[in-house]
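Sharing a structure below in structure tokens format, with a few things to ask.
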Amino acid sequence: MSDIKKLLESVQSGNLSVDDALLRIKEKPFDDLGYAVVDLHRKVRQGATEVVYGAGKSAQQIIGILKSLKQNGDKTVLVTRISPEKARNVQEEIDITYYEVSSLAIMGNLPPKDGNGRVVVATGGTSDIPVAEEAALTLEALGNEVVRIYDVGVSGLHRLLSRLDDIMSASVIVAVAGMVGALASVIGGLADCPVIAVPTSVGYGTCFNGLSALLSMLNSCASGVSVVNIDNGFGAGYQASMINHVKGK
Amino acid sequence: MSDIKKLLESVQSGNLSVDDALLRIKEKPFDDLGYAVVDLHRKVRQGATEVVYGAGKSAQQIIGILKSLKQNGDKTVLVTRISPEKARNVQEEIDITYYEVSSLAIMGNLPPKDGNGRVVVATGGTSDIPVAEEAALTLEALGNEVVRIYDVGVSGLHRLLSRLDDIMSASVIVAVAGMVGALASVIGGLADCPVIAVPTSVGYGTCFNGLSALLSMLNSCASGVSVVNIDNGFGAGYQASMINHVKGK
Amino acid sequence: MSDIKKLLESVQSGNLSVDDALLRIKEKPFDDLGYAVVDLHRKVRQGATEVVYGAGKSAQQIIGILKSLKQNGDKTVLVTRISPEKARNVQEEIDITYYEVSSLAIMGNLPPKDGNGRVVVATGGTSDIPVAEEAALTLEALGNEVVRIYDVGVSGLHRLLSRLDDIMSASVIVAVAGMVGALASVIGGLADCPVIAVPTSVGYGTCFNGLSALLSMLNSCASGVSVVNIDNGFGAGYQASMINHVKGK
Amino acid sequence: MSDIKKLLESVQSGNLSVDDALLRIKEKPFDDLGYAVVDLHRKVRQGATEVVYGAGKSAQQIIGILKSLKQNGDKTVLVTRISPEKARNVQEEIDITYYEVSSLAIMGNLPPKDGNGRVVVATGGTSDIPVAEEAALTLEALGNEVVRIYDVGVSGLHRLLSRLDDIMSASVIVAVAGMVGALASVIGGLADCPVIAVPTSVGYGTCFNGLSALLSMLNSCASGVSVVNIDNGFGAGYQASMINHVKGK
Amino acid sequence: MSDIKKLLESVQSGNLSVDDALLRIKEKPFDDLGYAVVDLHRKVRQGATEVVYGAGKSAQQIIGILKSLKQNGDKTVLVTRISPEKARNVQEEIDITYYEVSSLAIMGNLPPKDGNGRVVVATGGTSDIPVAEEAALTLEALGNEVVRIYDVGVSGLHRLLSRLDDIMSASVIVAVAGMVGALASVIGGLADCPVIAVPTSVGYGTCFNGLSALLSMLNSCASGVSVVNIDNGFGAGYQASMINHVKGK
Amino acid sequence: MSDIKKLLESVQSGNLSVDDALLRIKEKPFDDLGYAVVDLHRKVRQGATEVVYGAGKSAQQIIGILKSLKQNGDKTVLVTRISPEKARNVQEEIDITYYEVSSLAIMGNLPPKDGNGRVVVATGGTSDIPVAEEAALTLEALGNEVVRIYDVGVSGLHRLLSRLDDIMSASVIVAVAGMVGALASVIGGLADCPVIAVPTSVGYGTCFNGLSALLSMLNSCASGVSVVNIDNGFGAGYQASMINHVKGK
Amino acid sequence: MSDIKKLLESVQSGNLSVDDALLRIKEKPFDDLGYAVVDLHRKVRQGATEVVYGAGKSAQQIIGILKSLKQNGDKTVLVTRISPEKARNVQEEIDITYYEVSSLAIMGNLPPKDGNGRVVVATGGTSDIPVAEEAALTLEALGNEVVRIYDVGVSGLHRLLSRLDDIMSASVIVAVAGMVGALASVIGGLADCPVIAVPTSVGYGTCFNGLSALLSMLNSCASGVSVVNIDNGFGAGYQASMINHVKGK
Amino acid sequence: MSDIKKLLESVQSGNLSVDDALLRIKEKPFDDLGYAVVDLHRKVRQGATEVVYGAGKSAQQIIGILKSLKQNGDKTVLVTRISPEKARNVQEEIDITYYEVSSLAIMGNLPPKDGNGRVVVATGGTSDIPVAEEAALTLEALGNEVVRIYDVGVSGLHRLLSRLDDIMSASVIVAVAGMVGALASVIGGLADCPVIAVPTSVGYGTCFNGLSALLSMLNSCASGVSVVNIDNGFGAGYQASMINHVKGK
């Protein structure tokens, strides 16, 4: 809001004409590429590494957006849901690191780990790892220390309980699970920090592409659990990073 | 099949005419009351206390069926899903014991406990108790020793773990839970006996009247878990009793 | 985990017998009332005011649980989803304050406001207020300063924009909305703090009792948004409080 | 109805026999190709460029229909949902212009822009463009001036607000969005003209192939919003054109 | 947008301080009653009679809003979804006309009929009339001439065909139908004006409270049909009025 | 069609003016009561007793329709889905027989049984009887001999097999069942006549108000089975009567 | 049943031993190929050409079944849902005619047309033809005269009305339609014979693979309409043939 | 639990330090391979051949797990849901037997058949065989004698009845069926042992990939039936084996 106040003061002082002020309000904060409106002020507003959602964009469109962001000074840019083919095409023009297991690319260096504590990323099974890695890499790209705890589903409780120390000392936890989705409830009951649950589309039959896990997680009887979209590792990682960067008094 | 064989032998030996044989095949094993066909041979076929599904039947219809079964010699009859009002009306003519919390009535005495071992009935929360009691009373009416473990949901794992002895020594387990339905998975992972899971319609919002728990249980990643209809305590108790009466070699 | 370590040390030093140790592990942390297992250590584990889920429990059961908690020393206890009738019955034996609009009762005094910052609770319409108040009162019962912004749905953007200062300075935001559920997306795009979205069952037809808002929120294109169950104001408030109490470095 | 009246008058005047009249009523207004009944009078009835729904028809069938329409004098014909392969096959026999991004072909010239005002076609994201282009090209093929506003989703409100002039001066608006579908609500609240909302199947997980956006749009709390089928850019464009051609008093 | 321009000019000319300008932008256009933010500028922005959504608001809240609108000078106010009891309570303090069949109240006089033409409101059956009347009265409250064609469902085509004159001369058509929902398709094929379809929750079994009709209407194979929420007579009437007031060249 | 031909001939011969002919085509075949368009020619077109769908119509509306039909000479009129209260109100003015178990009323006498053979109406359980009786009474009101076979669900096959003679000699069969819906498949495999299946909303939990039975019946692996709406005993009876009245060569 | 009676009489007369009788009851009526139990008596029981469901069976399995049927004397055998590849493989060993548009094969000659009258098969659009042809060929393979009326959807009513003669003189009608599914309602209102409705999976978005059409058809407000599974042309043809072969008095 | 007791006794006796005890509790019972936590104690806890869920794991991951299990002494290991390609890759390093029809591999020899009796695996049709074989092979790998009864669906009852001896003498029955799912109900009514029902995704249209069969089975009106996930032959076989190994008194 202070931006608008500054603008109004410039008008008042005569340093800015009314029409120019109007123009600035409307045109400054993004770069319109035709097929995409690149949000150049987002970093300022949300204090975050910029993110590009790769699915449904062509390699050329991704290249265009990355160039626009680079010229604007963004240091770290995350590209999510980008296939190996598209990634290779982008790499011919721009320097990015590609992580195949999570279909994710990063342009620029990882920032320093400046969060309040560590973020645990846990999965119920081996098949949940691609989604979990999307969350973990997002967290690392946003400056968080990540502890990975994979394949600790609730049908073998002792595997989970053996990692109790990590769970109880976490700052935030991202719980990734398909099928039964109970991992979030059990972790939510054990931990005393916020738990972000990510249902995955792993499974068959009545898992209904993640619906079963989603409902299970939304009905978690443990307090302190909230949920993101099916397979949305990025969204969970992003919010977990926000929580891990909340400023204490 | 031996019944038909005997019949055929009687025909062969001239002790039974062809038409009488046909008649017996068709008419003997039940009593047609018009609104209901009471199955008098079921006990023989399935070795079980007879059961009457009370919902959708009037008090008068239930009385008629109970009388027919009594005359046929059935000692224990279970009436499920019978409202307090109907139960009172039935009690005016027939001697039954009514269990209000589970909307269930029993005519006659409980049989001796002759199963292989004990059957555990567990619930995730307090609200699941009516369904659990339907299962537990069904089990007792069918000759089983029952151990009740209530309110041990997975969001407070230590409550469940404190009953580990009961769970690990059970012959069969009926796991009753609404909302997240993870109880079945966790118990299935801890126990080494069959687990019959009963989703309940307890909860609100995305519990969708038990659908969330149902899907969660069907996707149980623990082996040895199968599922019955939402709120079907009777069905779970009935099958658990069958398993608890399986004859060893 | 240190509790178990202490216990083991007591065994080693001979101060505790093996059987007593086993007993303590199993029996100490809760009070088994038969119909409910009251979790007496939860406060220690999660640092929170105790919460009782009132739906599906009788007034007598709620009284029993409250007495058990009181004897254990709990100062503030929240009872959610308790009807006016039940609340009156409880009030005859225990001193509680009842909030009718949100069907919520509080035993004991509100704790001091010791969170990191302020928590905004926003609604799309007037009909969403009961759920929002459940969140707001939960937050206050857990020691948070709450700013209420009601009836600022996205079909009249200027109403929401006029509260931009509150939104941009919040520590966490709880966005409560039925029908279209777009409030969470729009706020998520404006704010730079975590947003917990609560779909409500307000609406008719294709709102499908909150399903439309739920899906809309899960698909939020803004980063930093996670979702709880339909009408689950308590769950959102609880997690928002956790986030508002995260310790900075 | 006047057609039938004329027919009856011809019968009355003796210019037409009863049987011939019957025949005309039944056989005149279309050309039966066996696999399709081409509607030759539609243009008269609805004043519109003819449209062929290409999906589920073979290239040969499309060619047959186009030839029949051409012989009947139709100047502009739109073919929707036609794949690049089919389009190439058709082009070998008939002169059509193919638009790959929207899988749409046009036979003949575009008509003059004779609508009441301009029609805005807006999208939430880059991935919604194919559906939006189907709407935009349909509008142009039906004689409308189109303003495209792409990638102005509600998670970055300032992008949308910067185009407020276009939105507020539109005659009709077609709002195309997947996932959260809030675009229609927000635009509906800003504009004072009818808004036709098109949910798209863009997204993953709980977007459920457009269901989430559809429900969101149907529940739009803004007045003046109606909805067409998922991905039905053509339907939205067609109706928007009708509205843009409504005759004032 | 010109409002903001004027404001900026006042700042430039020194007639308005920066802080006052900021204040005006934020506070002017509505009246915050705490439970509702009454939108006083909506009439200006959308040129419409004001509308209050009555469901989920108490009689006292409705009275408060009506008074605020009255003081602001609104002449005609529509209150939708208001029960007979609430209406009676409101009538004790404010002069409103109540229409019981459609659960709708109107404060003030109906405006003159100044639309481009006539609006047809058609229903498939007798049971659809309450929703149709909500649409028809909304249309009349917004200055439209309405032609009602009720009980002309497609299973008796001749009933519909006998009203062909009305259908073919309409400016806009609102088609209200439950169950099969085919009315919209058939009318859409006959008419050459926009058709707004309203699915109703009339029916049983697989009508699924209007879902069957909704899907049927969304899949309408006739062009020029769009759909609003189930039972949303108001929404259809509102948009139909907008279309009937579109200004020709 | 011959009606229209006659009309045209009258025009040709000068016995009828053009405008009168138009009028007759449009106005003759029904009586417009405002709230309902009573179809007076339906009996001629479909050779059937007239039927009034009672749900959603007031007693006064039903009386009005019955009077209109009576004056038109209809001898037998069926009123379906009419509650006991409404029936009593109608009986005060019109002589009807009311069947409470199936919520159905009949005005006039039953016609002679003139079908090709007998129609079997079978149910899976006692609770399906109300729907079955709606079918059976509809059949009797349309001139069919009905054989009722109730409570012969597939979980006790011998009950069904004992009625094999009736099933194999039927002309048509109406199979009414809730829950598992397998009755239609089994009967379809046994019989060699058409089977009309009626799913009922009997059951709980995953019966989903008849959806389970509906899907089960639609997937019937037996040939010769078709399905009507959930609880639509009338529809099944009506079509079964049509089939039982098909004319042989 | 008479078969069993004869068997019993043979036992009584000493012509058959008890064990042989038992054997005959169990083993005679089918040929167990291991992977399939070929039902050799079905033709006797249902008087029909034999049918093989080709989907999910390998070419070798189909060949085995056809050979078994051929040896048993079946003259006409229909194979449904058989892909072109499988058909070619079968043709290498057995003489069948393959119909590619409906993925159907026929072994043997078509039987004489011995039904009561003609069967109309109608479709809403061109894309519904494959399903309609499955119905039409099934009807022809079962001895029926078929009238095909394709692409007469309700959005262009005059196309349908021009075929009114065929519709009104039919013995049975099979109505095949996707998307809106209104064809069945409209035809049901026009015809006075049974209508079997077949929803098709044609369409996109909210057609939900035929669900929209299915619901629409189940809710048909016309009497005399029943429904089969989505895309189940065979089932509709089979039942229509049964109806067309019903014996009159 | 006795393991923990032994551990505590070792601590008490001084044979084990506190830290070592802690370590053992946490680290012993599994082998953490990074991508999977192999559960080495499961055999002890559940007395079962080890099982690896192959879907979602790479051939390399499966090899790693198999090697870890082999080194730990497991004799029989089942790998489910493994494609032919993966199986071939695994076979290059490890000796396994692959069963293509059920996509299942077995490492090691089959154990002796030591169950209480025989387990029947029945299917409704030929297409259900792959799922049935998964169940049957799982049963054999767990030491059970299996009787296969395939293609005995309820639309041809006599096929099923001819196998009555096997059904009535079984110890447990696994009923595998798609589409109508009635097989479980009918078998449940005939047998007097537990029935585990497996819905399959066989079918089309409203079979909804197994949902129809699932609901049908959950609503089974026969007692003693429980259900596992769609296509989950393994789960049914595993539980059936548990039941077949229940120890009698």
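As written, the chain order gives the labels A, B, C, D, E, F, G and H, with residue 1 at the start of each chain.
The definition used in the following text is that contacts are C-beta pairs under 8 Å (C-beta built on N, C-alpha and C of every residue); 3 or more make two chains touch, one makes a residue touch a chain.
Because the structure is predicted, anything quoted here is derived from the model rather than measured.
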| item | value |
| --- | --- |
| Equivalent-chain rotation between chain G and chain A, CA atoms, steps of 5 degrees | 180 |
| D-G or A-C - the one linked by more C-beta pairs in contact | A-C |
| Pair from D-G, F-G or D-E with over half of its contact pairs in common with B-C | D-G |
| Chain C and chain F: spacing of chain centres that average the CA atoms, whole Å | 54 |
| Distance from chain F to chain A - Cα centre to Cα centre, in angstrom | 58 |
| Distance from chain G to chain B - Cα centre to Cα centre, in angstrom | 41 |
| Where chain B touches two or more other chains, by residue | 1, 125, 156, 205-207, 211, 214, 218-219, 223, 229-230 |
| Of chain D, residues touching chain E in the complex | 1, 45-48, 51, 116-117, 164-165, 168, 171-172, 192-194, 196, 214, 218-219, 223-230, 234-236, 238-239, 242-244, 246-249 |
| In the complex, chain E residues that touch chain F | 125-127, 129, 150-152, 156, 158-159, 161-162, 164, 202, 204-207 |
| Residues on chain H engaged by chain F in the complex (per definition of touch) | 124-125, 153-157, 179-182, 185-186, 188-190, 203, 205-208, 211-213, 215-223 |
| Chain B partner contacts - residues on chain C that touch it in the complex | 25-27, 29-30, 34-37, 39, 41-42, 53, 55-57, 61, 81, 199, 201, 209-211, 214, 229-232 |
